[in-house]
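Each of the two complexes below includes chain A, the first together with chain B, the second together with chain C.
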Partner chain A sequence: MSKAGWIRLVVLVAFFGAVEALCRTGAISPKLIIAPSAMLGAMVKLLASGEMGDDIRQTLLSVAIAMGLSIVGGFGLGCVLYWLPPLRRAVDPFLAAYYSLPHFAFYPLLIVIFGLGALPLIVLATLFAMVAMTMATLTGLDRIPRVLIKTARMQRLSLPAEIWHIRLPAAAPHLFSGLKLAVTYSFIGVIAGEFILSTSGLGHQIAFAYDNFDNPTMYGLILFVLCIAIVFNLLVFAYERRLARQRGL
Partner chain B sequence: MTAVRTLRGPLLLTASLLVAWQLLHQWAGDTALTAPLPTLEHLWTMIGQKRFVPHVTETGLAFLQALAIAWIAGVGVGVLLGGHRLSGEVAEPILVGLYSLPKITLYPVILLLFGLGMPAKVAFGALHGIIPVVLFTMSAVRNVNRTYLRAGRSMRLTPMQMAWRILIPATLPEIFSGLRIGFSLTLLGTMLGELFASQRGLGFLLMTAIDLNDVATILAIAVLISLFAVVANTILLAIDRRLRRGSAA
Partner chain C sequence: MTIVARLTDVSRIYPPRAGHAAVHALGPLSMELRAGEFFSVVGPSGCGKSTLLDVLAGLAAPSQGTAEFEGKPVNGVVPDGVGVVFQEDASFPWLTVEDNVAFGLRRLGTDAAEIRRRVDFATGFMGLRDFRRAYPSQLSGGMRQRVCIARTLVLQPRLILLDEPFGALDQQTRLLMGDELLRLWRETSATVMLITHALDEANLLSDRIGVMSARPGRFIDVVETGWPRDRDSRLAERPDFGAVTSRLWSLLRTESMLALGQGAVAAQ
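So, the complex of A and B:
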């Protein structure tokens, strides 16, 4: 590991160690933050007891569906906009302002259209996450070096071969950053929706535990959600690294 | 003539959004979605009402404070991390990791630390906005062309002249992109914070309207916030483009 990597590890360990020590000695009240080790214990206990099983399944399933839809849909939309510059010029300001729109205001409308339950949340999260993927796709396609495309012409590649061998690999780094954002935004969409406007799911359980001053449950669940998000990001990151190494970067 | 051409796209988009809204209204009915014109009339009467103003002020103040923290602290930390290579290398992966976490899960923690009310909203908004500002500033400072610095030193510029004549012009375009993204995310964070456990502000009005199924108010507030977001974003984007063009020339 590099020098920076070691220092980073030390910084992180020191941070969590300090929080742990402050909590254990009572300098931070357990009404505010419980010790990291206690969070971990609470998470393991919650998962082992299985009482959150249904909520976990529901939330993860919703996130997975929203993620899949937004990645495929966002990529498709990005390609369409790339091939149709006039449409793209018209939509550009909308895309740029998209993430400051109050998406959750449209939730009641989605309930009327899609009924109660998980479906409106999935639609909300998909709408929320898709545009990040679209913008990343556009950036990726825009930044393909001209040289590569000229090389493809010289080799007389067919259009599918050009897309598969040249365009997609060249755009891949941006596609991956879009992918990571789409994952995060799917989580935010589903969990924020559950927080505010739902009667089941992990987000609802976190909010419920907060309302009942049940800090162990709340922190256990928060840690669980963060762990899933981190594991997912690390997987994408590892794959990205492997691709980069294959190309000798 | 150029004004007509640059305005044509956005105008067409606005028009098609309005038409889509009207059609959706015809299909879904008044209980789900009020038509565009009555919604705007409702917004107008709401703005005229005395009890509406404090909510707007509350949200506006929360947003402005969060934005000030995110921008000023973000640029400050970014300059420090960019200037000192090792700390930058240590911090960057941690920051990127934090950036890709679904921060909404941390909102109950913020509420416990800052209590209900204004400080929690400000903290949550700033938390969303600060990381992109730091990341962009850091990369801008790190990528300043060394030749400029050497030229400045050989001309014996004072530190003030160095900052004013070289560092600021060289880093401003990229830092401004960070500020623009930070703006959108701070607005998102502040709004999310207001939707959950809040007693004042536009987010609170929105939640009350959702509970009462007061569709006209929901849409009126959504339109108000969207208008603000789109207008602010368009202005920031225009400045951003101008700065970039200036730096390329």
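So, the complex of A and C:
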């Protein structure tokens, strides 16, 4: 392991050790935070009991759908805007200002339109995540070196071949950072939406436990959400590292 | 003598765009490339050398006049049998050296054994054999340019156009790459046109050197060097070598000063 890795490990262990000790000695009240070991125990117990199975499935399914929609839709929208510069110039200010909007404020409106259930959450998360993918797609396509396009022409490639064999791989690093954002934003969108107003799902269960002072369940679920996010990120990170190493980044 | 490519009264004018007047970038000029010769183009910066190459390669259509390759018109469509190496690094960073080199053949659907054979030859020829599985990012600028040359070479072009391919390299590397270029030219019997701003390089490598005027570029003169086909960078030690470079410079000096005056316009 690298030096930085060791330092990271020491920091983590020290932090959780300190919290554990403070909780065990009663310096931190269990009404505020329960000991990390208790969180882990609660998580394992919750998962083993299977009582959260439906909520977990529903949340992960919503996240997966939102991810798929925002990645495909965001990429598609990016491509359309790239090929139609007048349209792009027209909507550019909207894109630039997009993330200054409080998206979650529109959630009640989405419920009115789509009803209470998974659908408004998926729409919310997709709206939240898609534009990041669109902007990354545009950046990626913009930054393709002109000489590579000229090379494609010298190789007498058809337009589909040029897109598949030159433009997409050349834009890949930017597409990938868009993809990472879309993944993260989809998670945030669904879980935060469930937290605000929902009758099921992980976010709802966390909020429900919170309202009932059920700290073990709340912390157990938070830890579980954290674990899913970390696993997802590690997968994406590992792939990205491989990509970056090839290109010497 | 067979003519491989011919430009007749070609000019290239960039139409006016918002805030810019029309730019007359090139010509009218005429030229012929003879089969198997090494032709270089020198000229002051901004004189349209790269535009000339674009027209010959079919990357840009002439605004007036005609461009021909092997007797067929080239009108902004890249003809089969022409390869270009650009000044900028055009290697594909997502492919290994051998995949870079095999790129064109794979797109053509050439069978695997033939691809293998030609890639082996081209990587060997360009001294890339030990780097076949490396990615371009692991190579120096000179090596990457070799990858691009090898990628063009496997397609067995009959006309190779080089747009200042060594412009970004240091002087020693340039000299060595020049030698390799001469070897490649001799062994493939392709016709080569090199665009360069280095007069020594043009002198050393070429059978004929076209000297261009300031923008809009035309040929002021075509200098025949008369060097033996079997030459390399040691040619520079010959007493008559300097005379050719001096001749080129005396032709170019006024034009370069003119171009310097145009600098503000050319920079746009």
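Keep this in mind: the second predicted complex is superposed on the first by the 241 of 249 C-alpha atoms of A that agree within 3 Å, B and C clash if a C-alpha of one lies under 4 Å from a C-alpha of the other, contacts with A are read in each partner's own complex, and residues count from 1 in each chain.
Keep this in mind: a residue touches a chain if its C-beta (ideal position, glycine included) is under 8 Å from a C-beta of that chain, and two chains touch if they have at least 3 such contacts.
Here the structure is a predicted model, which means the values were calculated and not measured.
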| item | value |
| --- | --- |
| Side-by-side fit of chain B and chain C on chain A, or clash | fit |
| Chain B, chain C and vertex chain A (Cα centres) - angle in steps of 10° | 90 |
| Touching partner for A:Gly26 - first (chain B), second (chain C), both, neither | neither |
| Contacts of A:Ala172 with chain B and chain C, given as first, second, both or neither | second |
| Touched partner set for A:Pro85, first chain B, second chain C, both or neither | neither |
| Partner, of chain C and chain B, that touches more residues belonging to chain A | B |
| First, second, both or neither for A:Gln246, with chain B first and chain C second | second |
| A:Pro160 touches, of chain B and chain C: first, second, both or neither? | neither |
| Partner chain in contact with A:Gly50 - chain B first, chain C second, else both or neither | neither |
| Lowest C-alpha to C-alpha distance for chain C against chain B (Å) | 11 |
| On chain A, the residue positions that both chain B and chain C contact, one per complex | none |
| Chain A - residues contacting chain B, complex | 2-4, 7-8, 11-12, 31-33, 86, 89-94, 96-97, 99-102, 104-109, 112-113, 180-181, 183-184, 187-188, 191-192, 195-197, 203, 206-207, 209-210, 215, 218-219, 222, 225-226, 229-230, 233 |
| In the complex with chain A, residue positions of chain B that touch it | 8-10, 12-13, 28, 31-33, 86, 89-91, 93-94, 97, 100-109, 111-113, 183-185, 187-188, 191-192, 195-197, 206-207, 210, 213, 215, 218-219, 221-222, 225-226, 229-230, 232-234, 237 |
| List of chain A residues in touch with chain C within their complex | 145, 147-148, 150-151, 153-157, 161, 165-166, 169-170, 172, 246-249 |
| Contacting residues of chain C [partner chain A, same complex] | 57, 59, 78, 80, 82-84, 86, 88-90, 92-94, 103-104, 107, 135-138, 152 |
